[in-house]
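There are structures below to look over.
In what follows, chain A forms one complex with chain B and a second complex with chain C.
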Partner chain A sequence: MDKTVNQKAWFLVLPVFLVVAFSAVIPLMTVVNYSMQDTFGNNQFFWNGVGWFKELLDPSTDLGGRFLASLGRNLLFSAIILAIEVPLGIVVALSMPREGWSVAACLVILALPLLIPWNVVGTIWQIFGRPDIGLLGYVLNHLGFDYNYVSNDVDAWVTVIVMDVWHWTSLVALLCYAGLKSIPDAYYQAAQIDGASRWAVFKAIQLPKMNRVLLIAVLLRFMDSFMIYTEPFVVTGGGPGNSTTFVSIELVKIALGQFDLGKAAALSLVYNLIILIVCWVFYTVMTNAGTDRPAKEGVA
Partner chain B sequence: MESIAWMAWTLPTAIFFALLACTLGVMTWLAAVYPEAERVGVLTIPTTRGDRLFISLVLAAVIHLVWIGLVGTDPIFTLPIGEGVEVSSLWLATVISLLSAVAIFRTV
Partner chain C sequence: MARIDLVDLAHSYGGNDAPQESFALKPVTMTWRQGGAYALLGPSGCGKTTLLNLISGIVTPSRGKILFDGKDITPLSTQKRNIAQVFQFPVIYDTMTVGENLAFPLKNRGVAKGEVDARVKQIADLLDLSPYLNRKATRLTADAKQKISLGRGLVRSDVAAVLFDEPLTVIDPELKWQLRSKLKALHRELDLTMIYVTHDQTEALTFADTVVVMHDGRVVQSGTPAELFDKPAHTFVGYFIGSPGMNILPAEVSGHEARIDGHIIGLRRDYGALPAGKKIEIGVRPEFVDVATPASGLLSATIERIDDLGRIQFARVRVGDTKFAARVPPGFSTSGNTAGLIFNPAHVHVYADSQLVEGVA
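What follows is the complex of A and B.
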């Protein structure tokens, strides 16, 4: 038998190895080192053991209170935008045309918000929502609503959520549309012969066929909203008070605002761990959803 | 050493990363010398040794954090070395992590 393994190929991995080392491994090691120490600058560090982690996980301390509160806000935000964007995205995808020139037009219009950089989206909504010069804020106030995202918590939340829905529903819609397009006509013809209602077609054919893309959409949107920074930072700056301060905004405040490298490092490690676990679940579910193993089919 | 002073290395973290690097080295050597096939365990997903190591490490991190948050790090006893070395209760979390790693390698 010929030898098919060529060990020289390992050299091709070297660039990736170097990039990962400098962009991920070395920074991560440094963060771990910082999380165990305290510093006043000038590369002078003092050993603190797991002190920062203790503080971080204790809600009665300043750091712990801020971390857990921002984590709670972040989870609430993710839950709300998922609850809005996923059903809305499905509705948009279902109402899109299936053929003709209007398909291209719809796709372009839907893709537009996705192409706008985060801080531009933030700036657009920041001006759009201003009660004095913004179209949205001005109109709402003249219709009798007391809308001001700078001073009212609920208004700030509504603004940030509507902004996210505006920015990202298209992603869900485009993914669902791709899922819908992959359903062969035969399914619809069979449904027509059976005299199935519109709802029955959706429940028995379209939803099951979209379920993989929906899974991708939900997990992508969850990860993105869980790491959101720029948009709320540009619009509300985390305010009023701390009401729209999400975990990443809190992290930047601690790391760069207060220059508490130890606290920030501990926070980012825990944050990183949460994201790592979610990513792993994401990856595992994605890679195993399509495989038809006998063991799984028996259960289903 | 002046050039990497910003990395703020300490002996405990260096030992931690050295052990981690050794583990990865051993796993690589094992994969080369004793190749293995994926298997499906209690999680109903196919896993290799590397997957099981990853799950063990992540779980160990979670166990330690939960321990710090719920139990704390008070010393449980003092080793009679020199003036006495206090042993933190966090080592119990490490023991639990090792036991859970063994369980994961056998069942997952």
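What follows is the complex of A and C.
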């Protein structure tokens, strides 16, 4: 077959090329460029090679210590909210009605927190938790709990976690509900005939069928919580002390507070790399989970 | 294993107060004997799946009772009825191996492990699933999955009846035959009551000893395949079973004669006293009408086309405004498109308002 050669076709690729260049490639390369240099303002830069990266991974330096500490806090935060939101989302999805007008009502109520802008969520909880005028803070203190998220590390953590659970459990629940709705009735009828208990139905039918959506839910929630910035920043500003300073908050402090562009650039590249790796591992592990593997021992 | 009695059983999805004409299943009373192979046959929406779900307990009847061996089980849940059901699409527990799938109903009932293993092995051998016992069930073909669904029913030793809801829908045509013969063999071997819902007459006639034909929520006839073919109790049965279906012609019937367009066809029996005011028709299967060269004593018809089915030829003809099918005897040749029809009087039936009328010999 004859192929038509027309170099003008390149013009069709040009818009995409430009958009990707200006939205991704050029900013990313700028960051890579910064990460290799140091600056003292006045647009003067000095070559620093991989110096910042070495510092980042060395906990004895100031930069490394702050990065690793905030990374640890961030991982702990992600682990806690996943451990709460995923099971809670599943329970909410399981207890939702399957038909009737109440379905629509439940969906709307669940969707509400998802529609609120993040800084508004932060502001709501910031006020809600205040011991002097906030409903939550006031009531807790009057019930005899010494609750103050401004001065107590544990209270700050509890507030930030409860806020995230309030904001995002709906997402997990909605995804799970969609997964549950796709199970044909015949499965439930068969399970009933097989004499399966409620728990057995969950384990043998509902959980395996929700596998895919749960993968997506865990991925989304992990990424979001690992990159969390606005809500804790509005509520606690990273405090008390550094106790709720997550990696993104630390990053903004270094980049915009101290104007250490080199350190911040190196940190953000490592931050990005961690997210990519963790997502890839998650995806690989969870997509392989459902495939054939030799049975443990005969028929159990 | 059980005899199943349906006593005045009826169901309406619109509640008991709905007019009876709208019932998904109109009142039916019948007995299905232990160890029988039954087929519920009818077009989509005729109520056959409703009847099946009533027996399995997925649907609770609005009226009437179901007895297993004389015991009223109507209020019992599906779980307590000891029935097995195979659905249209294979139901497989994805995360389990074939063996675990088969063991599932026994484990749920707290059967001892040794007994479970023995029973699973026995059923797997019966269904030719032994080589796959340790494989994940999701990876198997549709027919193997359907066998697993069936196996989960058979693995329980106390099963009262096995119900099939169009189980071969998703199976390849070639495998359908194999699976159907397997079911037949299992039925002989296990002495189980089996009820098979289908809209495919070949499936029904080859599987069942007794075929229950349903139409518009009503059981119109229940009998052996031969009875349904030779003596349809309702014009619907005549039309639905057989290919092409039975010819139905409006006629005037008196004594030993049926009159169509002024032409007289002889009848074997005497229909002296037909109820007045009803729609009278005669029904005759295409196999019992021959086309012939037109002659004065024969009902004349216009030939529209001839279908050659290989071992037999059917002429599609028109009698007045009514379409009609008739056998083309070997050696018949047409000149023009008119023909005469020769009826076999022993196989001409008379229907009043679609119901068979028995004449007097």
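Here, the second predicted complex is superposed on the first by the 265 of 300 C-alpha atoms of A that agree within 3 Å, B and C clash if a C-alpha of one lies under 4 Å from a C-alpha of the other, contacts with A are read in each partner's own complex, and residues count from 1 in each chain.
Here is the rule we use: a contact is a pair of C-beta atoms (placed from the backbone, for glycine too) under 8 Å apart; a residue touches a chain by one contact, two chains touch by 3 or more.
Just so it is clear, the structure is predicted and the values come from calculations on it, not from any experiment.
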| item | value |
| --- | --- |
| A:Trp199 touches, of chain B and chain C: first, second, both or neither? | neither |
| Chain B versus chain C as contact partner of A:Trp101, first or second or both or neither | neither |
| First, second, both or neither for A:Trp10, with chain B first and chain C second | neither |
| Which superposed partner A:Phe46 touches (first chain B, second chain C, both, neither) | neither |
| Contacts of A:Gln37 with chain B and chain C, given as first, second, both or neither | first |
| Overlap of the chain B and chain C footprints on chain A, listed as residue numbers | 293, 295 |
| List of chain A residues in touch with chain C within their complex | 184, 186-187, 189-190, 192-197, 200, 204-205, 207-209, 290-295, 298-300 |
| Of all residues in chain C, those that touch chain A in their complex | 56, 58, 77-79, 83-85, 87-89, 91, 93-97, 99-100, 102-105, 108-109, 116-117, 120-121, 133-136, 138-139, 149, 152-153 |
| Contact footprint of chain B on chain A as seen in their complex | 26, 29-30, 32-34, 36-37, 39, 43, 45, 47, 49-50, 53-54, 57-58, 270, 273, 276-277, 280, 284, 288, 293, 295-296 |
| Interface residues, chain B side, partner chain A - complex | 5-10, 12-13, 16-17, 40, 44-46, 54, 58, 61-62, 65, 68-69, 72-73, 90 |
